[in-house]
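In what follows, chain A forms one complex with chain B and a second complex with chain C.
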Partner chain A sequence: MTVITRPAPPPVVEEAAEGAVGKRKSRHDALLQVTGQALYGVDMKAPGMLWAKAVRSPYPHARIVRIDPTRALSIPGVACVITARDIPHNRYGFTHQDQRVLADDRVRYVGEAVAVVAAETLRVATEAAKEVVVEYEPLPAVFDPIEAMQPGAPQVHEGGNIAARLHIRDGDVERGFSEAEIIVEEEFRTPFVEHCHLEPHAALAIPGPQGTLTIYSSVQRPFLVASDVAKVLSMPLSHVRVVATSVGGGFGGKNEMTLEPWVGLLALRTGRPVKMVFTREEEFQATTVRHPYRMRYRTGVRRDGTLVARSVEIISDCGAYVSWGASTLAKACIHAAGPYVIPHVKIEGFLVYTNNPVGGAMRGFGVPQVGFAYECHTDSVAAAVGMDPITFRLRNGLRDGCRLPTGQVLERVTLHQTLQRALELAGWERGAVP
Partner chain B sequence: MTFHLRFWLNGQEVRTEVEPDETLLWVLRERLNMTGTKVGCEAGDCGACTVLLDGRPVTSCLLLAPKAHGRHVVTIEGLGSPAKLHPLQQAFITYGALQCGFCGPGMLLSAAALLTQNPHPTEREVREAIAGNLCRCTGYQKIVQAILAVSRGEVP
Partner chain C sequence: MKKRGRGVAWMFYPIGFTAYANPSAAFVKVNQDGSAVVWTGATDVGQGSTTALAQIAADALGIPVELVTMVTSDTLQTPMDIGSVASRVTYIAGNAIVRACEMAKQILFEVASEELGIGPEGLESRNGWIFVRDFPERRVRLAEIARKAEVVKGRPVIGAGSYNPPTTFLDPETGHGKPYNTYVYAAQVAEVEVDTETGEVKVLRIAAVHDCGRAINPLLVEGQIEGGVAMGLGYALSEEMVLQEGRVLNTKLADYLVPTSLDVPPIDVEIVEVPDPTGPFGAKGIGEPSLLPTAPAIVNAIYDAVGVRIRELPATPERILMALREKEKEQPGRSVRDREDGRPEK
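Right after this comes the complex of A and B.
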């Protein structure tokens, strides 16, 4: 069993709220925003700037036989083409170092970048990107995580398609089910979701003295990006400065390095500023998405509405690389039992590689998927024992001092008050609410 | 082959050479360095690039620059300045109608066009007027409130 222990939280200091809470405050940058003066990643420019464009895979899974940039390089205005060979340390990732800055031996999803072109204008860069010859040998691909878990499935990476496996156990779930009078079993599925922030990913890299680099990027985590750029380009961290511009929406979609090492390396190679902006097509195809989950919920309950046991199996479609997949799945597992008192719990999570787009961080970080499932499931369990869904929730909801399946003991739980207030505001009348 | 484009931008005459297939959005942002007009989808879906063409809101990503020849274009830079805000700009600040702010320039121009044509719109008319401007942060509620507040003269 995974046990997470934390020191008790400090007491709430009421004074800290003084001056801010309950009062209307304007955004510090609101004046710049409404007058069009706020500078976002897409707005950055520098004299003598080149434009970069990525060459992307049309195949979900293929071996790269050969990349030939000769024709692209012969086009007037093309300054540089980079491929995996130019990346000093072509691996990165948070929990799993499986991601490539540019694909090397294989591409693993449609839209994976294999080369990046820098040219005098965006028009020339876009045309030249089409002239980079990439010879592929298509490989069998897998798009369904259940199929990917079967023996003989196409292997997205060496070492099997199960990228991570997580467990939480509390009590004795088999005994719990044997004590149940009714068992409800359901499966829930959630889809891919693209963040669709209005501003696409955009960055401008400017080479500085002594091999230093400044990268302006529309990014949520400039320090993480700086350390990843330094690592993959084998540069001292002190030589890489990442400046976050105003971010035109992120929602988790700008939570990691994407185009920064490309423009950074191209700027170092050419000695000129290099700018890149993803198209909306690239945003949908080649940036991270919310992981689709398949969730099997099994819950044992007594006729009087007391929950006794719950088992949950979560299968997360990780896509071609792990990115935030293991972290989001961990958070999903921690929350999977829902905000209810259940003595016997078993949660199992599987993170599975497929040739789908890479899953990443997105608002709620794995919790919206399980939240959707356990609340739908709670309605079903309440119906199975013939109880009003509100009465059922108030009866089983977590209170102060309750212990979660992870071992955490809760304090200052306001679930009942929140639910009561929501009922008042919604004008909920049906059923007997205690 | 270049096109000699001449138009009025925020009241000032502008002359510039453009490629005939360049969009007005590109000309504003890249040739004239007016980056207040935003680029979101380049497909006419998101409305971030909205400008006023002879007073009517248009998605400048779909408008070929030569189409603006001889016409009046208003961008966010022409709506008001930090020293002299348009009432809508003040209302967007007061009502917290922006989070990331990227939809703001287009949203404000759509709203300005509405209030010029229809100074006292209903909430439904406000929602219809900004239907072509996507916002991924606010949920629109505060944007609608801000526009209605201006229409009622509640914003200085």
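Right after this comes the complex of A and C.
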């Protein structure tokens, strides 16, 4: 069901308010939502529908010796089991084609899927998933990105654990530090965070005539999912239709293909619709999370409170696959120096593979991590020169025509305006804004 | 003892992908009765983007928003949009829809120009009427023109448009480039109360002032800001996946603490509107930026309250208590009330 929304009740044109932009209009789909007619991914169903359940790795790093679905297939009600061998092109990824639709030679994180079962009911599928025999040979694993960067660390992929490196330089940072009168150095850390969209990943695949496939999915990027599904299943793109249902939150967690190729392939194999919904446990363990960052900030400042130099080193725990890790690191690096005029800047970012859950896109895309660091660091630098955090910001904050370390010149910069209004709203009496 | 403090934080954030092409395309048709259908690939993920896009289409065509039907996000039935990501939908899908509507409007104006005796360039449309810009009383119903275009002139009123923000990739040596076409800005102020006995932080109030360009729908913008602050509150104080050898130990919402409505403090929201000429009706975006300043504003407020700098998120009671004890050890005899920066106690 393609999402079609129109407001209700129908209007009397003569009485309609002039112009819609800038108006506090209620949601276009309000009536569908409040009457329960809006269909989310978890609501989707079709006659003769099967349910799918994934078989997931209990090991953070292991070689797959053998997968035997015989016992699962003998359970009444089980229709099909797929493994890596059934995936025609078992690689995908945006910047790095390192991800598997189903694990082939190795599993690289706890919860990585190795097989998917389709059965008449969710209960049978869940029971049958436990009966798929997977023999593993555990391998040494690494969970700390600093350790993973050391020589001799367990290798998550061939070619080393540093998945990506990025640097941005502006001015001459060494000269900048030599001109500084005070240098402040701090290290910040942020945790693994899950999106916690209330609606989990959910999809329904329906096989159509002539080998076509329609997949209804609770997803933020249906066009990317369609092209990735077509690629991994070696199907013409014209045979794959992806429809985004009403989506119960995403926050970046539904930015990429997850369960769609599984239900798609199972639907093609069985000739029946196949539905799948992740559990909350799967959301935490097996879908993408916000990358934990370790960030070292070093800032040179003059006694009068003028910023002269800043160096930032970011180490991002990528988890087992890159997903959006390189792109988030780029966005983090570009913004890591903060919204300040700093003539000499050096930013370095490392994306490091570990056997932790896969980091992906999440609201803010690397910037909440550096934003926490640069704004707390700003207060520390202000304190070091004995300045009020607000006066310090007003002195160094970006204004119209200022440039970022990337060289990009900014226009219509409203930092000072927004700060002034926020202080007024908060009733901040200390020091009127100049 | 309970101590209060306040902290500020800024944020700046771009709209759209980093350098990579991230286009959106749209189709529109105006029906004989003056209603319209818009096809967009953009997905509403709860933020209300379909509503904002309908408002943009309504004003771009000059019809009431109640007459706009939106068909969204179907790879067979709608033109492409790269996704509801990167705070880009209002700006990029909005621009695509404006362009599609301009094409449809050109057909309407060409047909209307015969009736109104002036070239299409002298016409405007608003609220279901097409009128002469300099003599607005000379007007004709848009529905009448749409019907005439289709039935008499044989020119169905349709339009297509696309938009992709102009960007450049970063130079691999220097990291220089122009990876984004526009930015938004914000400041937030947090007021907290820290219990020095338990390390617990209560956020009393957040003031959030955001520039999103022109706010297409202030109600939805405020909703985004409030939701972002709630997410930032979780990032600051409670949300943390606990891992043991790659296994997540807290995989339930019972032991992974997302703020609930009872945890979210009063939020004073204000929108600073500085329209961007490159955006649809001056709009930019608000989705991700709303969350960014909250965590640092809260952590800076904790420092203001008790003089300890928390450098690892989340700022749990345990971390705050440990920092307070560390501080006590370093400065025996000084209580937590003494300021590290020498400023007088409030």
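Simple rule for what comes next: the second predicted complex is superposed on the first by the 410 of 434 C-alpha atoms of A that agree within 3 Å, B and C clash if a C-alpha of one lies under 4 Å from a C-alpha of the other, contacts with A are read in each partner's own complex, and residues count from 1 in each chain.
One rule holds for everything that comes next: contacts are C-beta pairs under 8 Å (C-beta built on N, C-alpha and C of every residue); 3 or more make two chains touch, one makes a residue touch a chain.
These figures come from a predicted structure and were not determined experimentally.
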In the superposed arrangement, does A:226 touch chain B (first), chain C (second), both or neither?
second
Looking at A:408 after the superposition, I want to know if it touches chain B, chain C, both of them or none. Which is it: first, second, both, neither?
second
Touching A:277, do we find chain B (first), chain C (second), both, or neither?
first
Taking the superposition as given, does A:187 touch the first partner, chain B, the second, chain C, both, or neither?
second
Partner chain(s) touched by A:200 [first = chain B, second = chain C, both, neither]
first
First (chain B), second (chain C), both or neither: which does A:24 touch?
both
Touching A:242, do we find chain B (first), chain C (second), both, or neither?
second
Could you look at A:36 and tell me whether it touches chain B, chain C, both or neither (first, second, both, neither)?
first
A:423 contacts which: chain B (first), chain C (second), both, neither?
second
Per residue count on chain A, the busier partner among chain B and chain C is C
Going by the contact definition given at the top, which residues of chain A touch chain B in one complex and chain C in the other?
24, 26-27, 29, 196, 246-251, 280
Residue positions on chain C within touch of chain A in the complex are 6-14, 18, 34, 41, 43-46, 48, 50-51, 54-56, 58-59, 64-78, 80-86, 126-128, 143, 170, 174-180, 183, 185-189, 191, 205, 207-211, 214-220, 228, 231-232, 234-235, 239-241, 243, 245-248, 250-253, 256, 258, 268, 270, 272, 274, 276, 281, 287-288, 291-293, 295-297, 299-300, 303, 309-314, 340-342
Which stretch or stretches of chain A touch chain C in the complex?
2-7, 10-11, 13, 16-29, 60-61, 109-110, 141, 143, 166-170, 186-194, 196, 214, 219-224, 226, 240-244, 246-252, 254-255, 280-281, 283-285, 289, 327, 330-331, 333-335, 338-339, 347, 354-357, 361, 363-365, 367-368, 371-372, 374-376, 379-380, 383, 386, 389-390, 393, 397-398, 405-408, 410, 412-415, 417-419, 421-423, 425-426, 428
Counting only contacts in the complex, chain B reaches chain A at residues 29, 33-43, 45-46, 48, 75-77, 79-82, 85, 89-90, 92-94, 96, 98-105, 108, 134-137
Could you please specify the touching residues of chain A with respect to chain B in the complex?
24, 26-27, 29-40, 42-43, 45, 195-200, 246-251, 277, 279-280
